[in-house]
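In order of appearance the chains are A, B, C and D, and numbering begins at 1 in each one.
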């Protein structure tokens, strides 16, 4: 039994890859028969999916409740936007700059996380967002302040191209984050999040691993934020930094199922698609989406994805 | 003159902050719940008082009472519909309940504010003050309503103090905040305590909301900032410590007022945020925190 | 085992969500684009439904469309209004704009009264070569962008006044009402920190002294401000004769606190929320005596069309239109007029036709500035085009005081205001 | 060279606040040796273990692993140096299989290791084989029996081939045959040249396994030597057994009630897959003093919590014939069955008087006052300290306050769970006298749970012995020493 099992798991692993690949392939054909608007909608949803997945890595695996995902997202978005505005280098450079700024922000955020716990850490992250928000408004000359920042370049105006970029980015981020969560490092991270003392006694430098989780989460949040800037062609506090943006990210992750990485993306797509599908209901759409999310949280705590995996586990 | 202005204005604003944060910290201290729908409950109370006064044309007293009542009812609804099902859920691991309660109360807050915006638009609303006119205090022309607000805030905080420290039920609540298992062993049902605390919280939220509506006014946009300010004050003071919250409310209130007067109204909130960050680094448990 | 389970389980959900979402949207869109004998002219309206100012936009536009359709449409083509709620968020507005153009194939878009949102949409109007008219955004930057890069930004038109021209109108009114009549000499500018107030304040700084009001201080505050006590106290300490306002995101709170603190200085200027008919109720009557600039008012016959529009609006929706309601109504008319003249809905040809607009609407005679001016595609302002009004809240009613030709009341302040007592 | 000391501890000292938990402790464990570190609860033995592992930082002293000074190092570095620790309470990765949990222990502490090394999996399987987990390797921890969870913890700790192995309470909660299995595993490590430190409460439970024993009490060493020597040691005997035990049992027939006040019948409790109580039956008559004797982990606290309604159980618990099932814990307490838990659960920031007032809150003010006067007579020290906050009291005073607070409720049945936990002998004496007075002057019924037989026997009318979740002996206290006493040293 022993040798066959490891063989079987390898086959299953490749099956995962195939299924994932076929979903992405299926999704990538959408531009051929779906309207531009739905593509635009899904483009946003995919970027939000990356935000949520990056958040899930921190919460679900490293056990750190980050109330300020929009701090990392905003840093990436604004840095990329400001770089483009000031120097107009190639977009690649701007994207890299955004991701780098966000990683630096992730390290700053990690410092208190390694000192304080629970609600205190949560508050620190929340305050980070508020400070960034104030900074953006005060430094209006650089950031455009309340008006928002308009960037001269966009990656493309074609809905299909933007869609493919977002899909490709989400698929790549999802693959990396998922693989990471399943990798030895993911295992160590989970152990550190669950019982830091024991993880230390097993020989793991908990600080190092948690810091790495912050850096990785920040990298993907920042890169996604920067890409989104070049999709929208503009950055504003309301889109990237506001606490409500972070709240949406968290809700998406919890809704989709914590500790699954992929569930977070599913939750984001669901939230945005549901919000849009309900738009004909008028002003109440946000109310109804929130109510639906609340019902899921109350009745199916393992989330959309968790519900199904748990059902499998028992069989 | 400027000093007196800062002292008087800061006092009233701080008193409001203190009252808002007291309820928030009470709930956390006793049941470990950070209620992120706090701001939404306050706004609901304001809008209710506004509707009663504006749409139905009742007197300002009746309007205020109706507002408080709505705060009270909404608070109990929050507990029974959102918080309690999660606390008693067997599907969620204990250590994960916190994030669930946070997410659920957040969603609940969004629902409340969206519903308010849907029914009454998101224009700012104010409640007709019970007392109007101005009085002169140390040479500063002060709205009588501001004095009224300060007095009511401290009266309510004083009553709360008496309730907690001088009655048997209050003592049991205090004991539950230190050791919930201990009170169970003494034959006190925790569920009674929780319901009681949420009821008291509802009154506090209602009163704080209505006073805020008379003094400054709120809109459905205020939901987030109100929750965030209560949260920061409570954390600054030390979670679960009522006296810490009172001190923190005054620190934040005066810091903001001084910044607005001496630097610029545009930078009003920034020093308080920086202070919060510093305190988090230097003294992570807050000013008077024990946990 | 688990590795595969997550994916296996996830895949169907993901696809199901996508398919379901797609199906719902497709169904919606299908019904919207139902076959008609002649393709209708579709106008997209993007605004925030929960804000008083924004909610009037689709309603005003709808009235205009219905009137046009009742008189036979455009060469037999009906006018159709498709509205989108953007919650005043730039990202949602961009999404809605893309949907309107790519999905619903609208021929022109009427978008938002928030400058931040319009600025985010401006490049998209260029990218998608679709005409966009804002019925209420004021920032000069919107039209300055057109001057900077005409080819890309020419699709944007500002159907409301620019901040600079509003400031000028306020100064003109202040000169007549305050300096000439009440001998006021000094002023403090109080404005919120936002896109539209930067040019507004810049013009205030120059035109107020020209009008005879010395600017003693200039206070800008965050739109998140809730406590205005320090601001009023600071203003009072320099003893101005009048407070010149530039507020739109805030309104209720400064007005109520002005009253409750009994600040003895009158307020005049821009206060967008004060132009809403519900403002009296929102402030519990604290707005008594507040003076605000507008392009139209409920009982003011700016043009022959104004009063009939207000009557129709009130009949259909039970309340009065906000300032954006008037402009949105006009925008639909002159858009249709331009389409008629251009004989096409093509973006570039529509731009050309719109630039030649000469249309008398509810707010005055609409003409756009030429492309060689600093603010192309902004409205021409002044006597004979759009003159602007200065109204005052009196006893629950909005009374017009200026220009005197269309005035229907007299200046009057609540008792706590001390006019002329300041030295 | 051959007998190099793998672990060498010298002058180790650690205080928490004002309390000295470990004071100048020193010992060595050689390669191929098992040292038993024993001591009653609160003696500081667990702290010593944490200091060695680097979970706590010592205030003074040295810890050497094969000559390398590690005092003050973070625990992951100590672990890398070759120290493994088996935790008593652990939180395994719930969503991973047993295999993955073991793999965790084998992983390098590197960030760039993204692909699992196939060799690691093979090694994990080998370790699972060695500890006897190969049959359950694909299951999740939540579905495992308790003994397998312990094995999994052991597997994680030994994954890195440590040269020093620390084991916290190796046999708690295991059945006799499981204990045997586990002992064999530990012996195998010793034979491989590992230095093993076993931490436990009693000499007896580890005697068969250890080469030497190091006994601690209140932070200091009280005896060192072979298991037999330590068991003979006078100080150790006094700490564990006290002097000679006098019993004063009243015959069961002297309690005239036809139906016992409390009946526990066939009660079983499970924590996940682990069985904490197995078909336990006992009864207590009105006015009777009954002691339940058992080691840590035997199930005493579980039994009391089941009676107090804090746990779901199968079987029946009846009070005067009426089942207690369905009542909330608070309702049971109001009904007169009041527990003084081992954790005491005082209100630390309230004064002694306030704590007592809370106990008396269901009575009228008048009754409450009278009751308090009587309690101050019973525990004079509480009267002197009545305005001091409970958190500042000494351990013994806190225990008295716990009992007094419970007595404020005028209980029909008082349940005392390990009242002697961590208390100095002098205090035990006082507590003992107070219980004696209660027994003589009131009609109160008491159910006492203890592992300290010196304290449990003198007051008892009857004794039950609880071992591995089951009642293994019941009878008169005077027969206890002869028939069941050997396991309690």
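Basically, a contact is a pair of C-beta atoms (placed from the backbone, for glycine too) under 8 Å apart; a residue touches a chain by one contact, two chains touch by 3 or more.
Bear in mind the structure is a predicted one, so any value in this text is a computation, not a measurement.
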Contact-graph distance - origin subunit B, target subunit D: 1
Leading chain pair when contacts are tallied as C-beta pairs: A-C
Chain whose average C-alpha position is farthest from subunit A's own: D
Length of the line joining the C-alpha centres of subunit B and subunit C, rounded to whole Å: 36
Gap in Å, rounded to a whole number, between the CA centres of subunit B and subunit A: 32
Distance between chain centroids, defined by C-alpha means - subunit C, subunit D (Å): 73
Shared-contact residues (touching 2 or more other chains) in subunit B: 117-118, 266, 269
Where subunit A touches two or more other chains at once, by residue number: 283, 286, 313
Subunit D residues counted as touching two or more neighbouring chains: 95, 138
For the subunit C and subunit A complex, residues of the former touching the latter: 1-11, 13-15, 17-18, 20-22, 24-26, 28-29, 49-50, 84-85, 87-91, 94-95, 98-99, 102-104, 115-116, 119-120, 122-124, 127-128, 139, 141, 193-195, 222-223
Subunit A-touching residues of subunit B, taken from the complex the two chains share: 34, 82, 85-86, 89, 91-92, 96, 98-100, 102-104, 106-108, 110-111, 114-115, 117-118, 224, 228, 231-232, 235, 239, 266-267, 269-270, 273-274, 276-277, 280-281, 284-286
Of subunit A, residues touching subunit D in the complex: 2, 5-6, 179-180, 183-185, 187-188, 190-191, 194-195, 197-206, 208-209, 212, 259, 313
Residues of subunit B touching subunit D in the complex: 168, 171-172, 174-175, 178-179, 181-190, 290
Complex contact set, residues of subunit C against subunit B: 50-52, 55, 193, 219-222, 224-227, 229-231, 233-234, 237, 250-253, 256-257, 260-262, 273, 276, 278, 281-284, 286
